[in-house]
Amino acid sequence: MTLRKRLRSDLAWSSAHRVVVRGHDLADLIGKVSLGDFAFLELKGRLPTPPESVVFNAIAITLVEHGLTPSAIASRMTLLGAPESMQGAVAAGLLGLGSRFGGPVEDAARMLQEALAEDPRDLAEAARRVVALHQEAKRPVPGLGHPVHRAVDPRVPRLFEVASENGLAGRHVDLMVAVGAEAARAYGRPLPVNATGAIGALAGELGLPWQVCRGLAVMARAIGLVAHVQEELSEPLAAEIWARVEAEASEHLRRD
Amino acid sequence: MTLRKRLRSDLAWSSAHRVVVRGHDLADLIGKVSLGDFAFLELKGRLPTPPESVVFNAIAITLVEHGLTPSAIASRMTLLGAPESMQGAVAAGLLGLGSRFGGPVEDAARMLQEALAEDPRDLAEAARRVVALHQEAKRPVPGLGHPVHRAVDPRVPRLFEVASENGLAGRHVDLMVAVGAEAARAYGRPLPVNATGAIGALAGELGLPWQVCRGLAVMARAIGLVAHVQEELSEPLAAEIWARVEAEASEHLRRD
Amino acid sequence: MTLRKRLRSDLAWSSAHRVVVRGHDLADLIGKVSLGDFAFLELKGRLPTPPESVVFNAIAITLVEHGLTPSAIASRMTLLGAPESMQGAVAAGLLGLGSRFGGPVEDAARMLQEALAEDPRDLAEAARRVVALHQEAKRPVPGLGHPVHRAVDPRVPRLFEVASENGLAGRHVDLMVAVGAEAARAYGRPLPVNATGAIGALAGELGLPWQVCRGLAVMARAIGLVAHVQEELSEPLAAEIWARVEAEASEHLRRD
Amino acid sequence: MTLRKRLRSDLAWSSAHRVVVRGHDLADLIGKVSLGDFAFLELKGRLPTPPESVVFNAIAITLVEHGLTPSAIASRMTLLGAPESMQGAVAAGLLGLGSRFGGPVEDAARMLQEALAEDPRDLAEAARRVVALHQEAKRPVPGLGHPVHRAVDPRVPRLFEVASENGLAGRHVDLMVAVGAEAARAYGRPLPVNATGAIGALAGELGLPWQVCRGLAVMARAIGLVAHVQEELSEPLAAEIWARVEAEASEHLRRD
């Protein structure tokens, strides 16, 4: 048998008298560290500085809640069949955070991190390359445009302002803005940076690898979906949605 | 067709120029409200007071991370088959937060809230009733005992201290402590309050209905599972665990 | 350290030259055993007799497809966000097979198996006890009544006929029919046996323990959900459903 | 508001007196159609011919059960935390059927279907193109090689034999075999067709589009995972696996 790697996780361990997370006694953190800062600790292995804390919490809360999205509808439909299983309803909603929802944060962060990994001296030039590559591949540029917030995504100026106030509006932000301007020029229409683009940029400023950025959406949306499940338990919508779908889908049966 | 209820959620709505969550302009909260406080807003419909914030964040961080639990192992095994699907791996892990993990927070909160709903004048008497009911039904009393932290669960004194410092150690905490003392007497062995008991009590102090308390574990553990997925992406354990299981399970094949 | 049980599964093993499932060389079964019979082998550890095969396949196909159910809607909403993840969409749909959908098969099977475990000499008397217990607890009797198929559930006479033709309409079927008659008398309105009641009875005839009966719905519905995902990929409905929900939910915004 | 598409599914509908699946009265199918044939009906919109039935059931049963795979381990770990949720345990296991498990059937089917869509006259030449493209991209050729079945995958000769006996070993099979031979030549080592390659080829012969082929694994494995959950309920392994992982992971704590 081949030599094996030893099983080991650096996230946490516990003994009879201690619970240790990322090297900190959990009892020392309770009452002092907020949930957002604890999430930063989990992902980065250290607590955030105050500016990092502000920016990390800013991007996290932006991802929590978007109303009756497909994810929220899936959670509510699932609860209708399994009202005893809060975890199943939340899990069903999270499963929709794939390439179309959730994935875009990852895509924007990846675009920026890969472009900056080449250490470009001229960000405008880097933006041109990025946009040209997407145009050639006929793929939309991540982080730009929004079906509802056509002129300005109201979250974006505030996210960039918070980053700037905290000294964390660096090259990822600059490149994202440059990509937006270049795309508007190349496609001949306004393509404002959207919330996923801003979050992808700020994640880069915080040194979060793009591979984990979809996880920011997953952890934040889990909170929102718990709230949807709570609302569904007292003000159920799922049976109403089902009734509308069934009614419309069976209309043709009487006519066919 | 019968009259229907109108579809409506009070959680969020958005227009071209605004995203509104629980009545607040999201842009006004970004940079000011932490993830934990935003979760409180989602669940309660209002931002927490400073003491509520400390206590809510305290219970939330306590639930994030417990090392290589069955949930974390399930997430990692799932990532092995679907490394492109962060959301699937986290969802798989959350699905284990049922009656045995996650459920106990709900059970403890329910026990306390139902006992206090009868507005008992004497908490020691209420504790006796609660313990007696569980003894008769031969069911363990929720929130007590721990296989590893046999003498004292190191999280509990700190959680109760934080609640006390913030004026939120009320009747739920008192009843939980009384239940622990009564159970120790009734069963003739120490049954210290564990973390789920303390969290169930503090959730009651914050006015969170027991029906949503499993959701506290779900939202917190989603953060921890994202961290496990991140670690698994760079330091994979799943294939190692699988190899050990297969090796041991196939040993008898050579002998049978 | 305490002595441990050895890891071992009796379901399957493989070596360089063989794949063995439930003691059969898989290569010997390929081309000879149908999927339904293989499912029986998995659950029971032996292949079905011809009559068992007919009845098992009959109950399995009855559970595959019910149109645009909450499960199917959840699968489709999930695919909208993660079109690259067939497995995530199917999993989301399956998560709704809890106590309200899927669970009823288990409930009916359990009711019958527990009543028959007492080996009653008089099934009419056993039916009276079962119905009385549910009436007292103010819980509906499992396996009876249907919101659409009010007079007769069209699947039930055929399921019972198939069982009878194959010599598998025994005491579970008799008791289910007796429970239906007794409930109609006790509640003063027709309560015909529904498909879950018939399936629960036939599962008992096949010696399937009630604990696994929800699994019959899970395995069958997985097939149906794959078909819904396939249809959604070519004729998408999820975005349409989402648009209707959003449109109705935001109507009040203009009026409030 | 823009004109919308009407909601409509061609899979099933029901009325007070009928349940209709894919145009067939369900009551007419019960007792006559097996689960595998019903799955074919769901996916293709018609019942299979006898040869199609044999081949479709052959590939389906091949995908049901592979022992203690990562999926089965994830299901069992999930059941440990949520023993009341059969559907959650099965869903957790299915979530691992991504690009590494389950996906390979899709990859093999896609490779063959895309190569044959160009209607090549010379299959050996088509095989050379396919292998060369994968070599250039440094990606493994789908459907070839197996870590355990190094010389011959014992399922493959039998699958091809069944296809041949039923007149369904056409160009997809021929191309898969040619790709295997060409890859062995190009890489200088034996690369026998594995089960996913054979199944991908036979799915093509049955006219199943590659986009649904991962679904074949999902529906089949749902059956296997129900069997694992059943076994876990009576012969639990999850706590044993967890204990081994924890024990090994905490060894260093005493030494560090």
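Going in written order, the chains are labelled A, B, C and D, and every chain counts its residues from 1.
In this text, a residue touches a chain if its C-beta (ideal position, glycine included) is under 8 Å from a C-beta of that chain, and two chains touch if they have at least 3 such contacts.
Predicted model, so just to flag it, every value in this text is computed and none were measured.
Where touching is counted per the definition, the chains common to chain A and chain B are C, D. The chain with its C-alpha centre at the largest distance from the centre of chain B is D.
By count of C-beta pairs in contact, A-C exceeds the other of the chain pairs A-C and B-C. Spacing of chain A relative to chain C, judged by their CA centroids, is 37 angstrom. With each centre defined as the average position of its C-alpha atoms, the distance from chain C to chain D rounds to 22 Å. Per-chain CA centroids place chain B at a distance of 31 Å from chain C.
For chain C, residues touching at least two other chains, in rising order: 7-9, 13, 15, 67-68, 82, 84-85, 87-88, 91-92, 95-98, 102, 241, 244-245, 249. Note for the complex: chain C touches chain D at residues 1, 4-5, 7-19, 21-22, 25-27, 29-31, 33-39, 42-43, 53-54, 57-58, 60-62, 64-68, 72, 85-88, 90-92, 94-98, 102, 148-152, 154-155, 157-159, 161-162, 165, 211-212, 214-216, 218-220, 222-224, 226-231, 233, 235, 237, 240-241, 243-244, 247.
Against chain B, in their complex, chain C makes its touches with residues 6-9, 13, 15, 82, 84-85, 87-88, 91, 95, 245, 248-253.
For chain D in complex with chain B, the touching residues are 67-71, 73-74, 77-85, 88-89, 91-92, 95-103, 238, 241-242, 244-246, 249.
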